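One structure, pasted below without further comment.
Chain nomenclature is as follows: A, B, C, D, E and F, assigned in order of appearance, with residue numbering initiated at 1 for each chain independently.
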Amino acid sequence: MSDGPVLIVSAHAADFVWRAGGYAALAARRGAGAHVVCLSYGERGESAALWKSGATLEQVKAARRAEAEAAAKALGAQITFLDAGDYPLPRADAGLMDALVQRIRAVRPAAILVHSAADPYNADHPRAAELALEARILAQAEGYPSEHPIIGAPPVFRFEPHQPEMCGFQPDVLVDITEVFDVKRAAMECMNAQEHLWDYYTELARRRGVQAVRNGGDRAIRYAEAYQRVYPQVAGVLA
Amino acid sequence: MSDGPVLIVSAHAADFVWRAGGYAALAARRGAGAHVVCLSYGERGESAALWKSGATLEQVKAARRAEAEAAAKALGAQITFLDAGDYPLPRADAGLMDALVQRIRAVRPAAILVHSAADPYNADHPRAAELALEARILAQAEGYPSEHPIIGAPPVFRFEPHQPEMCGFQPDVLVDITEVFDVKRAAMECMNAQEHLWDYYTELARRRGVQAVRNGGDRAIRYAEAYQRVYPQVAGVLA
Amino acid sequence: MSDGPVLIVSAHAADFVWRAGGYAALAARRGAGAHVVCLSYGERGESAALWKSGATLEQVKAARRAEAEAAAKALGAQITFLDAGDYPLPRADAGLMDALVQRIRAVRPAAILVHSAADPYNADHPRAAELALEARILAQAEGYPSEHPIIGAPPVFRFEPHQPEMCGFQPDVLVDITEVFDVKRAAMECMNAQEHLWDYYTELARRRGVQAVRNGGDRAIRYAEAYQRVYPQVAGVLA
Amino acid sequence: MSDGPVLIVSAHAADFVWRAGGYAALAARRGAGAHVVCLSYGERGESAALWKSGATLEQVKAARRAEAEAAAKALGAQITFLDAGDYPLPRADAGLMDALVQRIRAVRPAAILVHSAADPYNADHPRAAELALEARILAQAEGYPSEHPIIGAPPVFRFEPHQPEMCGFQPDVLVDITEVFDVKRAAMECMNAQEHLWDYYTELARRRGVQAVRNGGDRAIRYAEAYQRVYPQVAGVLA
Amino acid sequence: MSDGPVLIVSAHAADFVWRAGGYAALAARRGAGAHVVCLSYGERGESAALWKSGATLEQVKAARRAEAEAAAKALGAQITFLDAGDYPLPRADAGLMDALVQRIRAVRPAAILVHSAADPYNADHPRAAELALEARILAQAEGYPSEHPIIGAPPVFRFEPHQPEMCGFQPDVLVDITEVFDVKRAAMECMNAQEHLWDYYTELARRRGVQAVRNGGDRAIRYAEAYQRVYPQVAGVLA
Amino acid sequence: MSDGPVLIVSAHAADFVWRAGGYAALAARRGAGAHVVCLSYGERGESAALWKSGATLEQVKAARRAEAEAAAKALGAQITFLDAGDYPLPRADAGLMDALVQRIRAVRPAAILVHSAADPYNADHPRAAELALEARILAQAEGYPSEHPIIGAPPVFRFEPHQPEMCGFQPDVLVDITEVFDVKRAAMECMNAQEHLWDYYTELARRRGVQAVRNGGDRAIRYAEAYQRVYPQVAGVLA
């Protein structure tokens, strides 16, 4: 399963950078490929500075899109925007669901990365995860209409939310991102209005790196990202 | 972490065979080595047939030991007996704890396999897991007296209990044991008095094999064992 | 509460057979009656073989309906199809909800059987359960418009999902289905394209039978089905 | 945060009286202000006596509204009715969500009180809580269109459901309502058709009062209400 | 399983009266028999009034024993005192465990009633439950030395703690005790120093009675006790 | 409850500094008083550098004691050492339990601070918490022998473990420690061998400070500590 591309489903334009940018860069670097789907631009919920500066809705969306495109480019990832609207992200929009299913079928990901199952600070995040998980199931069904063939059963990983202890997030996997951390940092710096987060997520990566070593990882690990599994792993060796 | 031996902590003489025999055989076959520690012989709690036949305590223990040794040999595993007594397995026996710590330090396992965290049908099982988890922590401490050096942080996996849905067991890893299943079956058949379990655990391995395929594993998988992680995995690729 | 009929709410055409067919047969045999409501035919999500053979949507639905009717007949159960569509089953369809409420009022069940609360492999299953639980509540309200009178508070039981340990399913009740197991097997055999499941669910029934004996049931039990309660039981004797 | 008004989001017309009437009266008495938003009148689900007496839908709604207005007046609270319909309360009604967001922005509450996260006896209750929690998040966003400015991060408390042990409700805060209990009782007595509940909730307040004393509260506490926090408290002293 | 006696394992002298007195009276009345085992007299932890009056340890124990004997007599139950000491109840006392095992084997209960799994207000309560559950397992083992034969697998029920919502107690069974409530009340009144609890537990029995009706029980139920199952029920009819 | 001293129960010599040093300093500064009880010196489990340097057991204990005394002095706290031994901390040592009870009775704390309920990296931590919780209950009992009078029901708070998301730690209270952070930093710097932790816990305090602001706290908060409640809070205002 590990040779194909990774697909990252992001509720808003910037989520994938902070939470899964390292893994996207790793996948790009080893040639597997990284694809990001942004369900919305985060135009209402995560663009306070732009609104305060007097931007219109279209200007906000364009600005967030430009940043996200720059960040994806820095990571070496492809990016698609579904523009479904945020705050609230629609819960039961047949068009959005179908677009997501078709995207999953087209990409044929080796792994899918989604938001956490709960987030008391942002209702769009768990909803995006729920949509992605259901879309993956629909993409497995022969009877779901599509020009693309069905997919198999790629593993799904939840990326780390901003406040893991409030979101039921418990890390199952710590991924070494040391070799691409400079790339992740560069992608984060594409998010102009959120400078305080550059250091926050650098520090988080460092802490996860320490935990990786503490949990038996290579002593050379300096930066890591945490992920939570949705399905059991299939493995040959317990390690 | 995956090159060293596996250490399996078994409350009673036969537990390791049914629950982790496949992985023991795999580790033995690839040359990593498999070590089993039986905390007790299961002389009181899991030897009903022998008691009914009129055996004495010493006879029961000798019989269970012989079976376990034969099964370990079939799997290619080394086995140690701590003879701490069962039903109940002692909760706070300093000698038992120390013996377990020293064994862990001596083996320097790449992975440790333990019982589930709960079992309403057998209080010895979760207690053995608790002892093993604490012994691993003590084995990591510079200040714990021993002739052996401290160990690192080997990952710990819970093996599948008899009734997983009653024991809080949720599989995190499915290990393909197809290539050694005949060896596991042979080891199970060393347990003379429990013929009905031979087929039960063969059938379970088959079901776990089907689930492994359904969760994205190779289509050639026919038999598998399920494990639950205690600590986060450190990985390079999400798969 | 135990004299009236049982109502089984099935997301797709075949779910009721594998998961609650034994209890349906028992209820039919003792004259209480068994009613099945299929919310969809499972035309998209659970009919892979038919799609691969080139069937059209209408042909798939007709084929699944015919099988489900045959299985219900074998069990001695009545069956109703709401044809709400699957993959995804609609979450907030007022017409579907009302049809379900009216059906519950018309049947006046002594017990209602529903899917598990979670299922990471099939989003329709927990959604069908949620719909059934809410419809039962609406059916209890004097103010809900209907030609039928309100119902009381029939107990609700979740039937066993395919992978109980992944779905938060913990058995609260084991029902002896030994005397009707041949009928359940006959019903399962109406599902032509799923021969591998015939043996799987036969084996599951056998394991649940063993557990029933192990949990204090009659030693003559050979087959059982597992259920999880949603509401407290009202009883005269603790047994 | 404690100087401003409290906002209570009630699924049906009477919920706020039984569950949070004491706190509403306290807030009114100390001049902070209490605002109630009733999402529906509870016309279908909680008005059995009126339906049995032959009232029409409009008569039921008018009657429930009159009672709720009288109770709010007794408590010293302002009340708003959104008339979104009950049994079922709509899950994804954009107009309802917006009305709730605007109300939260207009009131600028120091605390928001909502239903429990689960209730197997009433699906409207957890749904009302989910709506209120999401509306609060939307009310915090600069980009959400409104004539009112954004709000800060007022704490949210779940009030006690009718059967706490079935609804995942665990009390985090016990509020002394001794000084206003007569006012709460008077408000409860505005609910004409539910006399049996007057004593039930008087008795509950007494039990919660005893628990408050047992958990270190002032020995003079005689009546209390229980609440569950959604977010961490920010405090200067641990008490 | 329902024809034999019930065995109630009580941490302190009075626990069985408040929490399971109704069921004890029912079992006595229908001739099945009720046996109580008090692990301690509650001499330190639940006898504040006696200590304040200047009683010695032996006087406290004698007083609590006399009350418990009177209450048991009122209920029609037999009672045994193991005098293991309370506050703290010993966790790993081999003599206590053996006494409990032998008592279970001697009584051969059709059901065993134990404390809740957690209680942040009283550490003896969950410890008594843990001891009872393990003793039942030991009593099932052929190899455990005893003059009595092994027992089967009697169901185990947790009785309701004083603050269920703080103790992880969720009712699975509501038992109608209407016909014996006067007997339970008489037994409660044997507890001289705890008059305030007489009314508290009368009121609790009334509330559980209302819930029994609300959950589908007979409309004539006026008093009930709540219980939580440890093991799955084996049943013929889902009701 | 908030005027009296705080009592902090620390498994090892340094735990109280990293996890609750800020609150100790606050309590000291406002004159309420701070008392620390160290159950062990952490001589085996948390003194790797000393062991590597060739120190003897007594030297290690003396060194840890000196550091802890210096840190307590910096915080303005009194400190007591029970020297019960670590790795493992004894689970059922009657002398240790009694010493803890007597200490609690002597101090009469307004609040008690303890470790988290779980910690897969350190078995002593949850065990110390369990001991402290039980000792508090014993200290409340009239019948427990002591020269000191019984205590009331001081609230208990769990302080933050090193890896909260692995230890079931979810913050319920964020305490502003901005005004004493320099004191906490000075106390941390008494721990000579653990320089890397000085910055780690400075950074953690900063993150918790940001969360406090995000959860409605004063915008001037720069440093905070997180705590989890064991018992419900008794409050007059929901804030």
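In this section, a residue touches a chain if its C-beta (ideal position, glycine included) is under 8 Å from a C-beta of that chain, and two chains touch if they have at least 3 such contacts.
Chain by chain, the UniProt names read as follows: A, B, C, D, E, F = 4-oxalmesaconate hydratase.
As the structure is a computational prediction, the values presented were derived from the model and not from experiment.
Common neighbours of subunit A and subunit B, listed by label, are C, F. Think of each touching pair as a link: the shortest run of links from subunit B to subunit D has 2 of them. Considering every other chain in turn, the ones in contact with both subunit A and subunit E prove to be B, C, D, F.
Here subunit B and subunit F face each other with different sets of residues for the most part; under half of the interface numbers are shared between them. Against reference pair A-B, the listed pairs C-E, B-F or E-F yield one interface repeat, C-E (criterion: more than half of contact pairs the same by residue number). Centroid distances from subunit A, each centroid being the mean of CA atoms, peak for E. Comparing the chain pairs E-F and B-C, the larger number of C-beta pairs in contact belongs to E-F. A separation of 38 Å divides the Cα centre of subunit A from that of subunit F. Those residues of subunit E in touch with two or more other chains are numbered 91-92, 121, 166, 171, 211, 214, 231-232. Of all possible chain pairs, those that touch are A-B, A-C, A-D, A-F, B-C, B-E, B-F, C-D, C-E, D-E, D-F, E-F. On the side of subunit C, the complex with subunit B involves touching residues 121, 163-166, 169-171, 200, 203, 207, 211, 214.
Those residues of subunit C that touch subunit A in the shared complex are 43-45, 47-48, 50-52, 57, 60, 87-88, 90-92, 120-123, 166.
Residues of subunit F touching subunit E in their complex: 91-92, 97, 133-134, 137-138, 141-144, 230-232. Put simply, subunit A touches subunit B in their complex at residues 1-2, 6, 23, 26, 110-111, 113, 152-155, 157, 171-176, 211-212, 214-218, 221, 224, 226-227, 229, 231-239.
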